[in-house]
Every structure is written in structure tokens, then in C-alpha cells.
Amino acid sequence: MQVLFWNERTQQLGDGARVFDPLALTWRDDAPEHDGKAVTASEALLRLAATRKLRRVPIGIIGPRDATQAQYDLAEQMGAALARHGLQLLCGGKNGVMEAACKGHAQEGGMPVGLLPDEEWHAANPYVAIPIATGIGPARNAIIARACLVLVAIGGGVGTLSEMALGLQFNRLVLAMADAPEVNTVERVADVDGVIARIAARLLANA
Amino acid sequence: MQVLFWNERTQQLGDGARVFDPLALTWRDDAPEHDGKAVTASEALLRLAATRKLRRVPIGIIGPRDATQAQYDLAEQMGAALARHGLQLLCGGKNGVMEAACKGHAQEGGMPVGLLPDEEWHAANPYVAIPIATGIGPARNAIIARACLVLVAIGGGVGTLSEMALGLQFNRLVLAMADAPEVNTVERVADVDGVIARIAARLLANA
Amino acid sequence: MQVLFWNERTQQLGDGARVFDPLALTWRDDAPEHDGKAVTASEALLRLAATRKLRRVPIGIIGPRDATQAQYDLAEQMGAALARHGLQLLCGGKNGVMEAACKGHAQEGGMPVGLLPDEEWHAANPYVAIPIATGIGPARNAIIARACLVLVAIGGGVGTLSEMALGLQFNRLVLAMADAPEVNTVERVADVDGVIARIAARLLANA
Amino acid sequence: MQVLFWNERTQQLGDGARVFDPLALTWRDDAPEHDGKAVTASEALLRLAATRKLRRVPIGIIGPRDATQAQYDLAEQMGAALARHGLQLLCGGKNGVMEAACKGHAQEGGMPVGLLPDEEWHAANPYVAIPIATGIGPARNAIIARACLVLVAIGGGVGTLSEMALGLQFNRLVLAMADAPEVNTVERVADVDGVIARIAARLLANA
């Protein structure tokens, strides 16, 4: 387990020997200060988020268009939590889980990106801040899986399964919540805080 | 179960009430002749193949680059069986299961198409007759899943799993052989003849 | 020519008979107030930008990786002008014109999106706020052309030409600055203000 | 200018010092026989075609869906000429120039491949032998441009222009016939024989 220190004066994250570069998402060796406050990875994200210097490599929330209420609520909370931690949401930009994730994200000040299968941006759900109409249909799932550092599946059928499998193929961290499809090697996480902790660990691990 | 009749004189397939259009892969109602010989769906394919009039909608064979000998042998037999039944092979055009499928297909007179992730055709295995360099990387899997009427998985990991899931998402018939990944609703077929029978049934079912 | 009124109290844009919906980018007929201040389309954009309610449908800046100093400077000014007018920049995320556009945009508070050909986000130039690694190579140009409401070409060779042609094919507004390739029907605009005026007119024209 | 010799006994093409490998489309140095008959590049293609050993790297014919009669006739002749010379046609699989090219190619025994923008193969014109439904819309143009060794434009508007520009970007040989769009560096060829000669030269030039 990595030990992390937040230096309030320099607004920098250190691990006792290195300083974290929030733009490159890497650690470098030059002259750290050791007197920071010990923080968890999730807390570190919160501090970095406040500096607004963290590179916004997307985190994906994937799941069905026809979401249950439970899936919708969870996706909304997940989207909100991403925004609070300064994390960029990327999703498919349509209904159900995608809409809920955008809604939560936007309400917490995020600017959700929707990578649409459609040819025109109007097809986005109303909470998408930045609609990207790809015009390539469901093949855009392969781009979502490629572009995201972490994919969080909330429920879902074969469409979600294909995105999860693509994510694994591309060496992304794939997390499953609720009733997401069972896939070998995919970690199942119980709650939103657990997901944030896993994302934070990945982001701060020289990924 | 569909009853099929092959009329040797007209070189047409009927079901007692309709005639099969091998170009459109549909049945039409005009003036069938009833005096043909009863055939199974697989036999019907063999007869249609001999007429060389069957539309070559691709059948996909998918699986790992690092194939075991057993997977390689099975893919080679599967590719050969497709060619003998006048079926067009489409695959990823690389090594392992893809190479074996192309090898078997070409040896039986087929012209295997390889949809390559690479930017240049030279990246194809030596048995690909028609190399199609897409330049889009593993995202070409989404096109293989879309283009094929039936996908036959022979072994495989997450890459194969993503193709299977994409196939299901696109309402393709997805069949699993040997140690292909477990996916809900994917039918596991024991041998080459069983796969041909399933493909024949799909092709002749007004798909 | 459209006459536009900005109502400072309601923070709404009207045209005397309708009110502009900044989220849907359309005009609706309900109960306009007529007492606003007459503004140009570019001024209207500035006002809407300040409300932070304008939907961020991307505007693309396209051009060569090997930019001349003049192209680089112009792209930087263009990117900055987009940010000042609340417009979202989308580009290829690489060097030259793309880097300059991102640099200008970021310096004025924008969050430039880079749609990368590469498989990993690290390939983005340092000014890309939201890197989207597509992994599909130069085929991502087709997505840039599709996703952007307006494409602004600054210099460029055949790569830029293909994006311009794709934009025309998708009915996007394509504008050429500096020494961008000659294409029939592509409007050549002399300076940054002229481009902003053309974008504003398009955005406010119920596009 | 390359001097080519066809050895009727060995069914091999030589240039006096090397032997052409029709599968790899390269020349190798091992033990040529010099007593062949001198042939032009186009004649060499005809001989290689008869051996059925030439790798079928696609040649693209591109042009508008709404073709004039003159464009249709020319595309049909071009498709036929490709087939006679053992060359594989790849096109967009739709109407107009694409249909004509497939028609001519199929009538001369070719098996035209149609790379469709659509989600289902039924959208192909009736002369497409091997329909490949990509489901990615007009973005499939980027794949056509990538996959073809040579692109032959017959007429066309911005769609054709984008394919031509993509072809140039990917270092393909791009030829323009009839009223194809003007593009810098694109060679305009007057007739079918001229196109075959240019393709033959490219194919036999260690491309």
C-alpha cells in the first residue's frame, strides 16, 4: 500500500520520495517535501481536484439504456462522485445508466462527455455537456473502452459485456457494480466509495 | 423442422411451398416443383454451393493468436468445412486460430477474407486470399461481429469474448467450440458437422 | 440577417418573436421579451458563454502536425477565441496546429478535447484537457468531421483535405483559413473574428 | 522502365535478375530463368491471373451513388477489366458507380467485395459477391481507402473527394477518371487500359 502525503503549501502530492505530476499522471523524483499530511488515495484525488490541474483522462460508466430504478440511482451517485473527485466522465451519451451518470456528474459541476453512436449531436441525453456524435453506431463502444482509464459497469446485458471485454482486452481497469455481467477477472465492487478508491489507486499508481 | 427438397433438374431448393433464392437468402412463393429429393439443411448447402450462386455472406471464425495445437487443428477443419459447403470465411487475418481457419478454407478452394487491424496488407497470414487492412486496430472486431451471419468461437480469451458479445449485441448467431469463453445464451457445439448444420439452418431460415 | 436581442435581466437571447434555447440550440416561440439590447451574433455568443448554459457541441480546428510559425500563431489565436466565446474545441490532439489550438483554448479557460489516433492518452499534446484515445488511427478523422458543428482548417495537406471533404459530406460548415487546401464550396475566411461570426451565425440559425 | 519476362514453363515472372513472388507481391533474387518472353506489366498481370496465385490485395473503384450513364458504363468496364486481370475489386457496395463496378467485375468472373456502411448485408447491390456490413456509416470510406492498393475515382463529389484524400494520406496510388474531383498530385488517366497499366506497374514495383 502506497503512503501518500498532501502538502498544503505547495499543493502537491508526494509519497515520501517522489512528487506526483497531475498532468502526466506519473511520479517524478525531484526534491519532494516530506512534511505533508498523510492522505488516502481518494482524499488525494479530492485535493488534486481542487487544484484543477489533474489531467482529465476519462472514466467510463457503462450500462443498459433500459435501466432499473436501482441502476439509475446508482449510476447517478457514481457520476456525482466522479465529479466531486475531479474525474472526467465519458459514456455513451444515451438513456438509462448513461443518462443517470451524466445527470449526477453535471449536478456536481462535471462536464460529461457523451460518445454517441448517432450521426448528430441532438441524440444526446439532456445532461451531456460535450456531445460527440461519432456516426459509427455501436462500434463506438470500442472507442469508449479504449479511451477510458477505468470502466465501471452498472448492470447491463451483452452490450455492456462487450464493452467490459474490450476494456480487459485493452488492459483497462474494469469494475462491476450491481448486477453487471459476470466476467472472469473483473473485480466486483460493492459501493461508490469503493469504486473511487480503486480509481484513485489506479490513477496514482503511475498508470 | 423444415423439410427441404433439392430439384436436380432446376438446381433449386424448395420446401414444398416455396423456392429458395440463393442470392437474397430468402424464400419466395412462386411456382415450386415438388418432385425434388429430400435433403438436410447441410446437404442443401452442398448442392447450392455447387451451383456457385449462393451469396457469400461471411461466416466468422474467431479465436486466439496463440492457439493450442488442438485449437489450430479444429479451426483448420472448420475452415475447410465452410469452403466445402460454399460458405465464405471472414476472420481477423492474423495468426493462431485465424491462420488455421484460412489454411483449411484455402485448401478446399475457398478465398478467405482477412480483416486486419493493421495499416498494411502484408500483416496478413499467408493463407488469407483477400487481405483487407483496416488500420483501425482491434476495433475491427466490431466490424467482424457485424459483418458475419454466424460467428464460430474456437478457444479464446477476452478478445474473443468481446467479439462474441458484440455478435450477440448485433443479433448474430454465436457458436462456441472447444474451450471458448462461457457466455450466457451462446450455444456450445461439439463438432464441425454440428456447426455446419447450425449455419445451414440459419442461412435457410429466411435469416 | 437575423436581428438579435440580449435581455440582461432574463439572461436570454431573443429575435423579437422567439427565445433561443442554449441547451437545444434551437429557437422556441414562447413569450419573448422585446426590450433587450440589439447584439451581433458574436456578441450574443459572448453573453451566452457567460451564462455557462450553452451546449458544448464541438468546433473543430484542423491542420498539419508540421505547422509553420504563422499557422501555429493563427491556430493559437483561433483556439483562444473559441474559449472566450464559450465554444468547445475538439481536435486531433497531436502537434502543430492541433497543439496550438489547444494551447490557446486552455489559456482562455477552455477544456480542449483531443481525439487521438493512438491507443493511449499519453500521446496527447500537453494542452489537451480531455484526451480521448481512440486507437483507430487516422480513421478518427471521420469522427472529428462528424462530431463538429463547424470545422476550421488552418493550412494542411491531404490529411486536412480529407477532413474538410468528410465535413462537407456530413453537411458541416467548413471554413478555410490561411493556406488550407482549396476545396469547392469551402468558404475562405480572412481572420479570427470572421470565423467567430460565421460560427455564431450557424449556431444561432437553428442549425 | 522495368523489363519483364514471362516463363511459360515455370509460370513465373522475371526481370532478368529476380523472380516475382505473386503471394508476397515482392521480387526475390533466387535463380531466375532468363529465357522468358518479354511482356508489358499489363500482360504480366494477365499471365499471373491465369495461375490464380496472385494475392488479391483489393483495388478500389470509388464514385457517386447517383452516377450518370457515362460514369456507370465506365465503372462497369473498369470492374470487368480488373476481373480479367485477376485483380480483386473492393468498393462501397452501394448503387451507381459502385454497382456498375461490381456488375462488370462479376460478369468477368470476379467476386466483388462490398464494404457497406449499413448494419445488414441486404443493403448491398445485387452484384456484390461478398457483402461486408460494417455498421459504421460513411466512416467505412476510411477503411476502403486504407485497404486498397490503388483507388480509381470515377466521377464523384465530396464523398469521393474524401476517399481520394484519405487514399493519398495513406500513400495509396489514387487515379482519377472522367470527371472525378480535382486533387493535387492525383494522376488523371484517360481510359481503362491506362488504369490497368498503372495498377500493374504499381503491383509489380515491389509495392
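The letters A, B, C and D name the chains in turn, as written, and every chain counts its residues from 1.
In this text, contacts are C-beta pairs under 8 Å (C-beta built on N, C-alpha and C of every residue); 3 or more make two chains touch, one makes a residue touch a chain.
Since this is a predicted model, take the numbers as computed values, not measurements.
Q: Using the touch definition from the top, list the chains contacting both chain C and chain D.
A: Where chain C and chain D share a partner, that partner set is A, B.
Q: Taking all residue numbers used at the chain A/chain B interface, answer same if over half belong to both copies and different if under half do.
A: At the contact between chain A and chain B, which are copies of one sequence, the residues are largely the same (over half shared).
Q: Let me spell it out: compute each chain's centre from its C-alpha atoms, then which one is farthest from chain D's centre?
A: A
Q: Any idea how many Å lie between the Cα centroids of chain A and chain D?
A: Distance between chain centres, rounded to whole Å: 46 Å.
Q: Just give me the whole-number Å value for how far the CA centre of chain A lies from that of chain B.
A: So the centre of chain A lies 38 Å away from the centre of chain B.
Q: Would you kindly tell me how far, in whole Å, the mean C-alpha position of chain C lies from that of chain A?
A: Centre-to-centre distance between chain A and chain C: 26 Å.
Q: If you look at chain C, which of its residues touch at least two other chains?
A: Only 119, 134-136, 138-139, 142-143, 146, 170 qualify.
Q: With touch defined as at the start, can you tell me which chain A residues reach chain C in the complex?
A: Its residues touching chain C are 23-24, 55-58, 88, 90, 111, 113, 115, 119, 121-122, 126, 129-136, 142-143, 146-147, 149, 170.
Q: Once bound in the complex, which stretches of chain B touch chain C?
A: Going through chain B, the ones touching chain C are 119, 134-139.
Q: Once bound in the complex, which stretches of chain C touch chain D?
A: Counting only chain C, the residues touching chain D are 138-139, 141-143, 146, 158-159, 161-162, 165-166, 168-170, 181, 183-185.
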